[in-house]
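Here the chain labels run A, B, C, D, E, F, G and H in written order, and each chain numbers its own residues starting at 1.
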Amino acid sequence: MGSDSDLPTMAAAIAICEEFGVAHEVAIVSAHRTPERMVEYAQNAHRRGLKVIIAGAGGAAHLPGMVASLTPLPVIGVPVSSRQLQGVDSLYSIVQMPRGIPVATVAIGNAQNAGLLAVQILASHQPKLLDRVQAYRQTLKQSVLEKQQRLEQ
Amino acid sequence: MGSDSDLPTMAAAIAICEEFGVAHEVAIVSAHRTPERMVEYAQNAHRRGLKVIIAGAGGAAHLPGMVASLTPLPVIGVPVSSRQLQGVDSLYSIVQMPRGIPVATVAIGNAQNAGLLAVQILASHQPKLLDRVQAYRQTLKQSVLEKQQRLEQ
Amino acid sequence: MGSDSDLPTMAAAIAICEEFGVAHEVAIVSAHRTPERMVEYAQNAHRRGLKVIIAGAGGAAHLPGMVASLTPLPVIGVPVSSRQLQGVDSLYSIVQMPRGIPVATVAIGNAQNAGLLAVQILASHQPKLLDRVQAYRQTLKQSVLEKQQRLEQ
Amino acid sequence: MGSDSDLPTMAAAIAICEEFGVAHEVAIVSAHRTPERMVEYAQNAHRRGLKVIIAGAGGAAHLPGMVASLTPLPVIGVPVSSRQLQGVDSLYSIVQMPRGIPVATVAIGNAQNAGLLAVQILASHQPKLLDRVQAYRQTLKQSVLEKQQRLEQ
Amino acid sequence: MGSDSDLPTMAAAIAICEEFGVAHEVAIVSAHRTPERMVEYAQNAHRRGLKVIIAGAGGAAHLPGMVASLTPLPVIGVPVSSRQLQGVDSLYSIVQMPRGIPVATVAIGNAQNAGLLAVQILASHQPKLLDRVQAYRQTLKQSVLEKQQRLEQ
Amino acid sequence: MGSDSDLPTMAAAIAICEEFGVAHEVAIVSAHRTPERMVEYAQNAHRRGLKVIIAGAGGAAHLPGMVASLTPLPVIGVPVSSRQLQGVDSLYSIVQMPRGIPVATVAIGNAQNAGLLAVQILASHQPKLLDRVQAYRQTLKQSVLEKQQRLEQ
Amino acid sequence: MGSDSDLPTMAAAIAICEEFGVAHEVAIVSAHRTPERMVEYAQNAHRRGLKVIIAGAGGAAHLPGMVASLTPLPVIGVPVSSRQLQGVDSLYSIVQMPRGIPVATVAIGNAQNAGLLAVQILASHQPKLLDRVQAYRQTLKQSVLEKQQRLEQ
Amino acid sequence: MGSDSDLPTMAAAIAICEEFGVAHEVAIVSAHRTPERMVEYAQNAHRRGLKVIIAGAGGAAHLPGMVASLTPLPVIGVPVSSRQLQGVDSLYSIVQMPRGIPVATVAIGNAQNAGLLAVQILASHQPKLLDRVQAYRQTLKQSVLEKQQRLEQ
């Protein structure tokens, strides 16, 4: 993430990694304040064994796209909600990447889904993790059914 | 994709799969006109060995999100440009998914990047494919440098 | 509705049904978390004697359009206000349906009007209910006139 | 509709009525240029035996909402695309009705869906018409499957 | 105005009329809940000696445009801020009138300027009132200069 | 108007003045390229006997608001459609004036309505001109009725 | 700035000037309430030795563009956030200047960056100030690295 | 600029530099396809004697902001119009920079103003260039006056 002010948003992605038992690391890398550090971090990520990178940023949110341009790994972008434009600027800056360099963008402020998408990317090659994704979906269903039951009482 | 009218947009994703030698299939599955077929397609995709699904749709673009809710595989969504709202409706319908069910959204009309993202997801577990992604990036760089040279002449 | 978090919004539709003495049922059916349940619910609704379906959802609001694609009954969609985009995403996801599958969309967050529209649809074939709609309109007028009188005092 | 310039858009609604054998009439009633005629038309519609009204308008599109305020019948609004704001103004003017007076709004420029919604409203009380709606849906499915077959050849 | 909920916004227009000693009346006339009353009010306004009409409304804000279609007098429209779309819907519904029927639209929620515009319209034919407008402008200037002085201390 | 490129838009306002026999003058005054000329023009307008000023501008459309700040006369603003943002920038720059200085804004590109509004402002003090406004409205009605007749043939 | 209500926003620009030891002056000059004062201020600024002008304004934010049209100096515009449209109106009014008269626009509400941009403009001709800009950047980097360290503890 | 497809837009900036006799160089540097080249270019620009950098980019337009984060020189950003979102994405990506790293943003597609802003930045320290800016402004005024004369004939 680009700043520790993004941590309240990004914490949900970390929580998902922990819930699914997926190894991960957390780094503050700013595209605008530490551009050289960002270049180094992104260029070496796949050599260090990382499989997926989640990057969150707000406003002129350049971090996800710049990291994506420096790594062959899939990069997931989380548009962090901005004060003035409510994250529309963050969304456009992250999703509207030019031909050649994709960023897998999730909903504004929805780092939980970034975590889940990372897990699903890993799971497509790990049958056990895929089962855990299915089990997670089952709990989502269950919670809807329980709400229905409570409504009927 | 939801309709053969999306084919001109989605063809760029097919071309990328062919360029990288990645096995793929193409299906017209409409969330609104063939909902039962969509349910069946999405529920069985991972059992049939698919690893990633790319879904393109325009307007009230429900296909990517609905497929994502029915499969544990990562789903990439392509917002197809719409006549009246130029794809803003498609983008919002695809990217703004609720907690629990992510869709990896790319730029409006940018199916080439959807193809590349799918390749990168597969490549994170296949070193040879990762090398090809790096080589592809090299050709992007080369073409920029050639343009610079032409400019200087 | 897609979640019990939509209940505060959707309660106004239930209140209208009760006010007009129109039989109704309330269900939590999530397009993304219980897609199979949604398919079953929507496909059987007209066989169970339902005449109109009201569906509310927020963000990538797929529920109304998906239900509409699975039932021949008229479906009324309520765009529930979202935190980041204030319901513009919900509105576009619900109203911008493709040719063939309409959703009768009301104002963002205005479930009361969804209830009234359902009553008016039923009333077009029930003269007594039509009279009650007219009487309801009369009370709206009366309340405006009373406000005018209070203003003049 | 408010002007004969809306006819190219609204013709699709007329075509659906004809396709389903539903009796209908076509009128040019302008909220702004013939307001008295609009009041009279809307107030008497249910007495003349009309069951549903479809109203299309563009820009500051007041016709659907004003007609809705003058009739107890369900009113379907078609936002006609505008030159400058591409129908966003029409959409907001039609869908954002205050509590008490709903307009069943369909997609920008999608009069075909307005016709289908009108048919579905009538069909909820006419089993034979409901069967025809189901048959219509079947042809939509069929056309998707045929496109798939053509794709595979 | 269309509802007494618009009174906190519209009070600023009344205050301006009082400040400039301009005779005025205040009426709650709802385009959607009292359409017949609106027709009568607007059609007779110029016969009763009114010179300018100020109309405020929010959401699908039809009141200013409908009044304008029923009177030859200049109509000033105030887009009242709406909860979901912050008055963009109100602004589009009021300002985007079709050729033939103008509404003189002021800023969202800015009824003070509606009052001033009404005064300026009257003043263009009353030299004394024009002088008062000039004097009012002078006080605006003076207050800026005083703020500058306070800043420098 | 700010440039002769605005003339195709603004010509409709001139045509209305001519149609109603209202004396008028046409000037190219640019807020940004001839600011001193604008100040002089606006400050002296009421002394030269002008009663209403119509100002059209596009993009960062400062002309109407700046003229309004320099004259006690009512100023009508026409947002000229811009290439990139289709006049939304022009509309916001013209209508969102601060408390104290109103601009009577009409629809994007609708100079005809600016002309009509100017005529109505003059007419509120000239009974004969008011009659002509009423007659003009009658021709609008008539043209709608004729379209209805043509439709029925 | 156009009003003392802009002071809480603009204070950050003043703070930057003080931090970098750059001489500056603060003035309240309203485009709409003190247009003549604005003309005089802007026309004489370069003769009085000013090198850069920072102008902040909200809503129909004409001040930066009007000042720019009256001075050959570079003008930096700060879109002050507005209540209804959250500064989108301010941004469009400031940035969308016509060919010939640029305004160097910074982010909505970001007067700190306006101050930094002014310092950088001066620094491009003052090596010592350029060094201070580099040092300032170094502290930005340092603070990111410290946050990373705190995160790891 | 990021691509030779931006050349038709950016050519107007080059033309201004030539018109004012300001030394300049043109480079194609892509933030996403040649990130390392961009880092090197931006880090060394001030050492090579450059005084101002103009950067144009479209869509997720990261080039201006990334260059700004790597140089102490003032950076001018030109939002190049994009196909789908007409440059709103480019504008937000360029202007909404975080505290610490400003980009001097001009209007969408208006590279001419970027050139003029660069000239004005240089001119604030070169009296002769400042005179040329004033002379340029004089020709703008003259062309407006000539248009007025042609209009009057």
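Please note the rule applied: a contact is a pair of C-beta atoms (placed from the backbone, for glycine too) under 8 Å apart; a residue touches a chain by one contact, two chains touch by 3 or more.
Being a predicted model, the structure only gives us computed values, none of them experimental.
Of all chains in the assembly, those touching subunit A and also subunit F are G, H. Counted as hops between touching chains, the shortest connection from subunit C to subunit F is 2. Between subunit A and subunit D the centroid-to-centroid distance comes to 42 Å (mean Cα coordinates, whole Å). Centre-to-centre separation of subunit D and subunit G, using mean CA positions: 51 Å.
Between subunit B and subunit D, the centres computed from C-alpha atoms are 34 Å apart. Each of the following residues of subunit B touches two or more other chains: 3, 33, 59-60, 84-86, 88, 95-98, 100-101, 103, 107-108, 137, 140.
Counting only pairs that meet the touch rule, the chains in contact are A-B, A-C, A-G, A-H, B-C, B-D, B-H, C-D, C-E, D-E, D-F, E-F, E-G, F-G, F-H, G-H.
Interface of subunit B with subunit D (complex): residues 3-4, 26-30, 33-34, 37, 59-60, 83-86. Subunit G meets subunit F in the complex at residues 2-3, 31-33, 35-36, 39, 58-60, 62, 65-66, 68-70, 82, 84-85, 88-89, 92-98, 100-101, 103. Within the complex, the subunit F residues that touch subunit D are 81, 86-88, 107-109, 137, 140-141, 143-145, 147-148, 150-151. On subunit A, the positions that touch subunit B within their shared complex are 46, 51-52, 72-74, 76, 91, 95-108, 110, 112-114, 116-117, 120-121, 123-125, 130, 133-134, 136-137, 140.
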